[in-house]
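Both complexes below contain chain A, partnered by chain B and then by chain C.
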Partner chain A sequence: MTDELFAEYEDKLPKKVLGELKENIPAKTAKGKVREIMDTAVKEYKESMADPGECIGNVSAESIGEPGTQMTLNTFHFAGVAEMNVTVGLPRIIEILDGRKDIKTPSMEIYLKKPYSQGKDIKELAYSIKETLLNDIALEFQINIVDLSITIKLDRELMRRSGFTSATILNGLKRHTKSYNVKAEGDEIILKSRSKEAALNSLYKDKEKMKEVHLKGVKGVKQVLPVKRGDEYIIVTAGSNLLDTLNLEEVDPTKTTTNNIHEIADVLGIEAARQAIINEVFGVIENQGLNVDIRHIMLVSDTMCTTGGVKGITRYGVVSEKSSVLARASFETPIKHVISAALVGEVDYLTSVVENVMINQPVPVGTGLPGLVTKVKVK
Partner chain B sequence: MAKKLNFDLHKHALVPKHAKCSDAEKKKILKHYQISVYDLPYIRKSDAALAEIDVKAGDVIKISRTSPTAGEAVYYRCVINE
Partner chain C sequence: MTMSEVYINNKLSGEIDNPQEFVQQFREERRRSAISHNANIFLHAITQDVYIETMKGRARRPLIVVRDGRSMLTSDQVSKLERKELIWNDLISKGIVEYLDAAEEENSLVAFTEDDLTPEHTHLEISPLGMLGLCAALVPYGNFNQSTRLNAGAKNQKQAVGFYAANFSVRMDMDVSIMHYPQMPLVQTLMHDIWDYGKHAAGQNVIVAIMSYKGYNMEDAIIINRGSLDKGLGRSTYFRPSTAEELRYAGGLVDEVSIPDKDVKGFKSDKDYRFLEDDGIIFPEAKVTEGDVIIGKTSPPRFLSSLDEYSIASSTRRESSSSLSHGEEGIIDFVLVTENEEGNKLVQVRVRDSRTPEIGDKFTSRHGQKGVVGLIVPPEDMPFSSVGTVPDVIFSPHGIPSRMTISHLIEMLGGKVGALSGRFINGTTFDAEPEEALRKELLSLGFRENGTEVFYHGETGERFPAKIYVGNMFYLKLKHMVANKMHSRARGPIQLLTRQPTEGRAKEGGLRLGEMEKDTFVAHGASLLLKERFDSDKSILPISEESGVIAIVDEYKKKSYCPLSSENAVISYVEMSYAFKLLLDEFKSLGIYPKLILESKY
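After this line comes the complex of A and B, so read on.
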């Protein structure tokens, strides 16, 4: 019976508050009382909102900046068979907020479908995701200048353990070595050049190229580590390749993520990237035992994603989007900005905060924001 | 992009619901906020989440995010060419 009453407040209160009220008001409460509760809630909600003209960006900067001084400067080491590092603390925060493309320790968290998530063949699966290059299973590469050939000596033991045979390696190799005759002899693979003259120069180059031949696994995944999280097994990786991983059959594509924001923006779109920034920054702050309201991080993340791509809080990113010359100049490299503005004849309309501070005028913030309009009486 | 994702990315936990606004809705939103279309935050036409929606520059996309503070938050983005 009170359902219609709740429906009335749907655009006045956020869904979460409404749900909590619905749950906590006893069903037998009189209609008038319920209305009274709802009206109080609306009033409280309106009072808790930021006022128009409130400089929320400043508040966010302070709220994130102060706890930032207490963060660690080190990287965290994963204990286990495989040595793995993950950047955390202040360096990680700087990395995310600068919107860097090449992050220090790219890493994925791969969630698995059943039955793999329960631990079935988890080790084998992890190793099948790990990238194997020819260099990883070869003992040595030899160049023979006289008969223009390259000899690759393979590690039997390693091959057996990772499930390779000479034949599978040959297959993988053949696609990359068109100008060579390839054949296997026991533990060795011998590549003989087809042409006589040009080969001598390129022999060494080709040898180096062959070391990087991709044989198995997901490109870019350098290290894998199966971990138990809660009651399911996941695979943590060093190195990141979201697109190829999501396309794997055993992987649960709805939860698997990477810590590379730009990669998420490319594969899943800008909205996913925004959410990823929030998750990453909030994760770091929580990990450090600090307490920052998530709304501040949401604001920063929204700012970084307004242009449709991920932009860092740097002079090349969001600051370069500002329309005012003086505001840009006040951030970093002032001379560069002033000169280029002078060259194209830019006009500054003094509509924002920094430029008004610079010329000693009231800033359009808080009570400085509204203007006063009066009707002038004509005599 | 040469390679393609072979699953519906809207099922991914990070991706919120995207929907194109009709002209009437668009008008209502712009009137409510008293702005023009290009004052809204942008989303690129080539954005991965818009692959299955037929959009052109100037369209408004309604995004329904799940928010830890509000439960559900609605956000609007304007499609741009790029």
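After this line comes the complex of A and C, so read on.
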């Protein structure tokens, strides 16, 4: 009976609000009462919408900026234990909004498929994801100047624990040892240069390169930490490599995520990046106990992603996308912008706020937006 | 055994075998006056390196030397000091007192009082008060406070209006005040004695009640009894001298102190010069207000080139008198005519202005509890106690809990006892009359032991349900007076370059509506209001439609032409901010052609 009534409001209210109303209005409510409730809801909904010409960007900026000033004063900027630090607080927000490519503490949250998410082999799985470099299991790298050889001393104990044998290590080393005679002796690997006149320089360079040889795990994942979130086990990492992680069989690719926005944009696309920015920024703000409406952050995220790539709110990012020369010039490095605009003969159509403030004309927001069109009678 | 390095003024100077012995010997020699008392030595506990400092600029403080747990200063010597048979310098040369710098202090163990002495101690504090600076030591009961409040209290004392110099009447100090009836504080510290505070006091003892009064003492404001003001509370005289010098210029031209002729460039008006006597200087006791000339002066023309043979020399002289600036007034106090080092005639005139406290003047107690006057209440409306005392000052209770200035409360108690018993109270930090004793004495004087009293509403006569904490305190008037700060502008001077209003009170400037304030207008969508607020430099400029640059209109010939296109160009008048016109000029100077494309607005 009331379903018809709800159907009437389908194009007046968003689905979510309608659903909530349906759920919360008791079934026995009289029809007139329900209609009254619905009309009030519609009225409230309309009132909470932005008015045409409202300067939402400005309001967003102030709404994020004002709590931001408080954030600088009373925060811890890092969270977590020694090796698993995650940037939080203001530095993190700056990092995201600047659209930085190299973030301070990249980190992934790896969700797992069924048997593993219940804790099966969770430790082993985590260790298999963790990247192991030759440097991690070697005790010492030595260069013998006399016979031009490199000696790598391995840590037996560590090798045993992480399941390496000399053979597997040699296999991993193969690509880097083409110009060497390789010999494994006990827990030592001896590499002897084939050419007699190999410079000490190149020997040293090779040695340094070998330290970085990747043996096992997902590249870039420096630390792993299995944790229980809710009723399932996930793996939190320091270091991020989303593409390789998603390719792993045990990983649930629908939930696994990273805090590196650019990586998300590359692997999952710009829509995912937009959502990631919203989640990350809102996460920090909520974490700080501040209260910012998520719509403000959504607007910022939209602005950053609207070109199809992630652009930071800097003079290299979204500001450089502004159409107005004067607006760009008024932000940072004015002469650079003006000269480069002059070189190509750019025209400023004075369609935004800053330019119009500069030339003292009404800004095209609020009351300055509508124009009046009248027909003049020609006598 | 490793050698220890010795650094003299941070320069490596050599090595020694036994640093402990070396340092010990150095100190002994210094106490024997074999080594200068200005040298300090420091042994680094970890590296065992020795640092000797003799450079200037180190903060050092005196301490009594202790040997084997016994102070070197004996009671015999103390009595000799009292009889002036010994002086301070004797103590130093005898090695009884020595000055330590921050580094050497690290090597010593300083006892707070003589009773605390153990064999490990190396030094003894002369007095616990010695830890504090001069101003901080002037805060009574300072050991009951948070250190930040002590700092604030010390800082405030430096800004107090008092009797700053006995020869003030012949001095030409800039921006100074003299308090009319300075008093000795009732609650004193040892430092007040040492410093002869009574000879240059900077405050008055007032009766303070801690209570609210109609909300006029919220946010640290205080309320003052007008009756007290009429009796002279917080009165001061403000002095501001102005100077004029007869400068000599190249070509034998000189400034001249005189009443300017009417044909001088920039001549003000006869009315402005009315106080000047024949020598061009104002007479003492003249009552002047803003714009009045104090010293009449003319200067030669600014550029010699304009003084060509056809012009008449006197007509090109400029007016350069000193006059009272906007908002100032007062009485001419003192006129001085002299000569400066270069032999130029120098005229100095001091203006005096009597200042009764008004709403907005800043006052403070000695505990960092500063505030401005929020209301001046007629004496008949002030609340009064059961014995008829009417407070001079009403202080807000909200200032106490968050700042935790306990000393403020104790001073009130002490002041009350002092006023009632007719003696000064010793409130020296760490060594004061205990609060307990004060309370007992107050009780014996017939008052409530806790300092509160029954109070009545000044207007209705009703009794307040709460008992009010009242006492006597030393209050200071600070040199920040509204009369020197108050400022507003509706119209006024503009800058030559930008045609925007000037900045600052001295130039009668405007109050800037800045970028963030602008944002609030934008956020409200008040677009046209924003435009109106920002048209202080509005200008209407002729623009050539063809070339889009600023055109020239010759009103005399009724002709307009554009610097770029042909004559008789089509000109449109465009409204813009003058600052934007400047920006366009700036572009042109960069070699950029800023072309304005015009189209009809409608």
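Everything that follows uses one rule, which is that the second predicted complex is superposed on the first by the 335 of 379 C-alpha atoms of A that agree within 3 Å, B and C clash if a C-alpha of one lies under 4 Å from a C-alpha of the other, contacts with A are read in each partner's own complex, and residues count from 1 in each chain.
Rule of thumb we're sticking to: a contact is a pair of C-beta atoms (placed from the backbone, for glycine too) under 8 Å apart; a residue touches a chain by one contact, two chains touch by 3 or more.
Since the model is a prediction, treat every value here as computed from it, not as a measurement.
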Superposition on chain A - do chain B and chain C clash or fit: fit
Touching partner for A:Gly366 - first (chain B), second (chain C), both, neither: second
Angle at chain A between chain B and chain C, C-alpha centres, nearest 10 degrees: 120
Chain B versus chain C as contact partner of A:Leu246, first or second or both or neither: first
Contact breadth on chain A, by residue count: chain C or chain B: B
Partner chain in contact with A:Val357 - chain B first, chain C second, else both or neither: second
Chain B versus chain C as contact partner of A:Val267, first or second or both or neither: first
Chain B versus chain C as contact partner of A:Val59, first or second or both or neither: second
Smallest distance from any CA atom of chain C to any CA atom of chain B, in Å, after fitting: 22
On chain A, the residue positions that both chain B and chain C contact, one per complex: none
Contact footprint of chain A on chain B as seen in their complex: 1, 3, 5-7, 9, 11-16, 18, 41-44, 47-50, 63, 65, 67-73, 77, 80, 82
Complex interface listing, chain A residues touching chain B: 14-19, 243-244, 246-247, 253-255, 257, 264, 266-272, 275-276, 279, 294-295, 298, 302, 305-309
Interface residues, chain C side, partner chain A - complex: 518-519, 522-528, 530-531, 534-535, 537-538, 575-577, 579-580, 583, 587, 590, 592-593, 597
Chain A - residues contacting chain C, complex: 51, 53-55, 58-59, 61-62, 335, 338-339, 342, 347, 353, 357-369
